[in-house]
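Two complexes are shown next, each including chain A; its partner changes from chain B in the first to chain C in the second.
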Partner chain A sequence: MRLLRAELSKLVSLPSVWTAFAVGLLVPSVIAYLNASSMRGRNAQAAGLDVGFEELGFGVIAAIILGVVAVSSEYATEGEESAGGRQITASLTAAPSRGGFLLAKIGAVALAAAVMSAVATAATLGAVAFALADAAPPMGEEVPRMLGVVVYWVLTALLASAITLLTRNGIVPLAVLILNTSVVSVTFLLSKVTPLASYLPDMAGARMITSRIHSSVEMPPVVGGLVMAAWVAALLAVGAAVFLRRDA
Partner chain B sequence: MRGGARPAGEVRAAGARRAGAREARRALRAELLKLLTLPAVWLTVAGTWAAAVALAAAFAAAGRRGGAAAASALDVGLAPVGYAQAGFIVLGVVAAVSEYGGGQIRTTLAAMPRRAVRHGAGIAALLLVAVPAAVVVCVSGAAVAWLVLGGAAGAAGGGRACAAVAGAVGYLALTAVLAGAVAGVVRRAVPAVAALLGHYFIAGPLLRDRAAFAAWLPDTAGLGMWSAGGGGLGAAAAWGVVAAWSAAAAAVSLAVFVRREA
Partner chain C sequence: MIQIDRLVKRRGSTEILSGVGFEARAGRVTGFLGPNGAGKSSTLRILLGLDRATSGTALVGGVPYARLRDPLSKVGAVLDGSGAHRSRTGRAHLRWVAASAGIGRTRVEEVLAQVGLSDAAGRRVGGYSLGMGRRLGLAAALLGDPETLVLDEPVNGLDPEGIRWLRMFLRGCAAQGRAVLLSSHLMGELAETVDDVVVIHRGRVSARGTLAEVTGGHSSLEDAFFALTGGGGGGGR
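Moving on, here comes the complex of A and B:
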């Protein structure tokens, strides 16, 4: 518990995490608002079902930044003034059990991502409801999808952390994961080449959020979430194995 | 004696000009050497090139299988530029941030006290690395697409091909300068990369279809420089807008660099 508190306090004191939070809050809500306002006059009921959720799928960049920064900040050298020190040496001195440290880190990332996604989902769907006024789709039946957004963000943040555990440097995982969140993602292009690509973590996980995926493979949302979770678990296991064995 | 004053002044002015040119030349050489000895620069360029070639081959293979429209090898080969720009963003960031990772900036400024000269040399050195890298990426992408597509490729006129490749190269190089300017202000790699990639790959494409002002943003305007689809602006206007963004970013980063403590 104390480890978890320490990890949360480290996360909360990182400016990048707050920037990520602001991005994750503003990008989906503002773009969903623009999108919803532009379709107000037309058949909003039919078109508006995915408004907000699609944008929340892109807002996952906040979870990516969170997951990457949580790990990469431990390995960033702090410059000549502090003898090129890295935070990880202090962290492991304070928490010598690497397994415990890693569990606390993962827990803190998951918790922060869950809070971020819940706030972002509320803000985005609120903006859509505000823009569409009475034409807004009823929110009551969308609760499972909202949960899907939270699960997607949390799993993505953990995926980012797992990759950063391996690279120890934030730029590569950031570049790869953000590129792959773009409107035409690399995995989406791959799924045109081989149906197997539909089982990649982001393609599978996106089923929890949107039904409009043009792919040859049909997958219910729960299965998509499970496939993504399996990926994350596998990558975390590799990341943990490396972290437990490699010199800090 | 008064008669001799003017020639002496001119001589002095000419000497000062020569000294200034020498200082600029030396600064450029120093910045270029620093850039070329960074492993991260070489890794970024190599990774970008490999990814662009692989994507060009994949696009071309998909295009040949689809076969709907006889896409020209040029358009297919330049399509990966949309992804390769990430590599050039990272290149600009790495170049700018490497000074701040340790205390190198203090050594740099001890050797080159004139901050404006050092900043200009930094941008020029970045361009000298980014332009050849962009040429290699674009030309090899087009060549791979041409090889894979073979006879199925639609022909592109020589003039248009040159203009499109030049546009792609210019766009990638200007994007690297813009990224370097942003990173020079942020001074840290991860936040700079996150912000730039977030704009170029997520916010930009989302805004593109939804807001009219997006046509003037550097990523969407840049489409007019290299993409077959274009970004709503003509090629000349696109060059102007993207160059203006890069110049403005470089000016802001210069102003910040001159004033802020290193």
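Moving on, here comes the complex of A and C:
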């Protein structure tokens, strides 16, 4: 519990985590508001089915930033002539049990991602409801998909952390994961080439959020979530095995 | 008390430590001296469980560091600068370290005052001078009121006033019965601070004993150091 509190304290006092939070809150809610506004009057009932949720799928970059910086901040270094230093030495002298440290880190990232996604979901769907006014789709039926957003963000944050545990540097995982989510979705393009790509973590996880996926593979949302969770568990296991063995 | 015994560390084909052994006793300041690259930091990193030894043991009060129950109350360590992330404030850094050991926030303010950082505690570490970073690291080490202090190159980057302050501070710690182990490649600053000396050169201990024993036969600790490490003045930076 102490270690979890320490890890949460680290996240809260890191400015880039707040940047991630702002991105995750503003980007999907503003885009969703604009999209929903442009639909007003048209066949909003039909078009409104995915509005909000697709933007939340895009807002997952906030979870990526969170997951990456939570780990990369431990290894950031600026050379000998600085007042800082690699934080991992301070972390592991304060918490010499590496397993305990890692569990606390993973727990804190998951918790922070869950809070971020819940706030972002509320804001984004609220913006959609506001923009569409009476034409807004009823939200009561969407509770499972809202949970899907939270699970998707949490798993994505953990995926980012697991990869950064291996690279010990935030730049590569940050660039690759964000580009894949925003500019060019390599995993999406792959899924055009081979149906197997539908089982990649982000493609599978997206089933929890959006119904509009062009793929030959049929996959219910729960299965998609489980496929993604299996990927995350496997990558975390590899990351943990390396972390436990390697010199800090 | 720190006991290091026949420590060997290999990385690939290079042997960084070849059987390092010494003790740092309670109530005394032990200087761990050697040129850069001699194996000082590697020894201390193994002692603190950050790196793994190929063979040999490093114990704190008879126990490996990784198995200490409440590490911050046993050992206060400063390695690698302060270990604080540059975008955090000094106070935020100390607060998470304190949280990990269940130490309250009043203690954070106490150690900030103790090292003279109270006024800078709300600023980000990225804007600190090297000396302030050292003080922050020391503040973190003091949080748990530890029985032992382990400091890697603590005088690096300190101005003369800071060095004098640190010297008096460490003497005070030893007088309270703590064991203090500090590494350095600077001899002059240490002669007045240490009780015991361990000289390491190329991964081997080349001399150990009280300051008088190691200096014996040489005009100063500095002369003894260069004689023992075979350096003709190239030992320092």
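We adopt the following convention: the second predicted complex is superposed on the first by the 239 of 248 C-alpha atoms of A that agree within 3 Å, B and C clash if a C-alpha of one lies under 4 Å from a C-alpha of the other, contacts with A are read in each partner's own complex, and residues count from 1 in each chain.
Note that in this section a contact is a pair of C-beta atoms (placed from the backbone, for glycine too) under 8 Å apart; a residue touches a chain by one contact, two chains touch by 3 or more.
As the structure is a prediction and not an experimental result, all values here were calculated from the model.
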{"item": "Which superposed partner A:112 touches (first chain B, second chain C, both, neither)", "value": "neither"}
{"item": "Touched partner set for A:16, first chain B, second chain C, both or neither", "value": "both"}
{"item": "Touching partner for A:192 - first (chain B), second (chain C), both, neither", "value": "first"}
{"item": "First (chain B), second (chain C), both or neither touched by A:120", "value": "neither"}
{"item": "Contacts of A:102 with chain B and chain C, given as first, second, both or neither", "value": "neither"}
{"item": "Chain B versus chain C as contact partner of A:158, first or second or both or neither", "value": "neither"}
{"item": "Chain B and chain C contact sites that coincide on chain A, given as residue numbers", "value": "15-16, 76, 80-81, 84"}
{"item": "Residue ranges of chain C in contact with chain A within the complex", "value": "45, 48-52, 65-68, 71-72, 75, 77, 79-89, 92-93, 95-97, 99-102, 125-126, 128-130, 132-134, 136-137, 140, 157"}
{"item": "Chain B-facing residues of chain A, complex", "value": "15-16, 19-20, 23, 27, 31, 34-35, 38, 55, 58, 61, 65, 68-69, 72, 76-77, 79-81, 84, 170-171, 174-175, 178-179, 181-183, 186, 189, 192-193"}
{"item": "Residue ranges of chain B in contact with chain A within the complex", "value": "55, 58, 61-62, 83, 86-87, 90, 93-94, 101-103, 189-191, 193-195, 197-198, 201-203, 205-207, 210-211"}
{"item": "Residues on chain A engaged by chain C in the complex (per definition of touch)", "value": "2-3, 5-7, 9-10, 13-16, 73, 76, 78, 80-97, 247-248"}
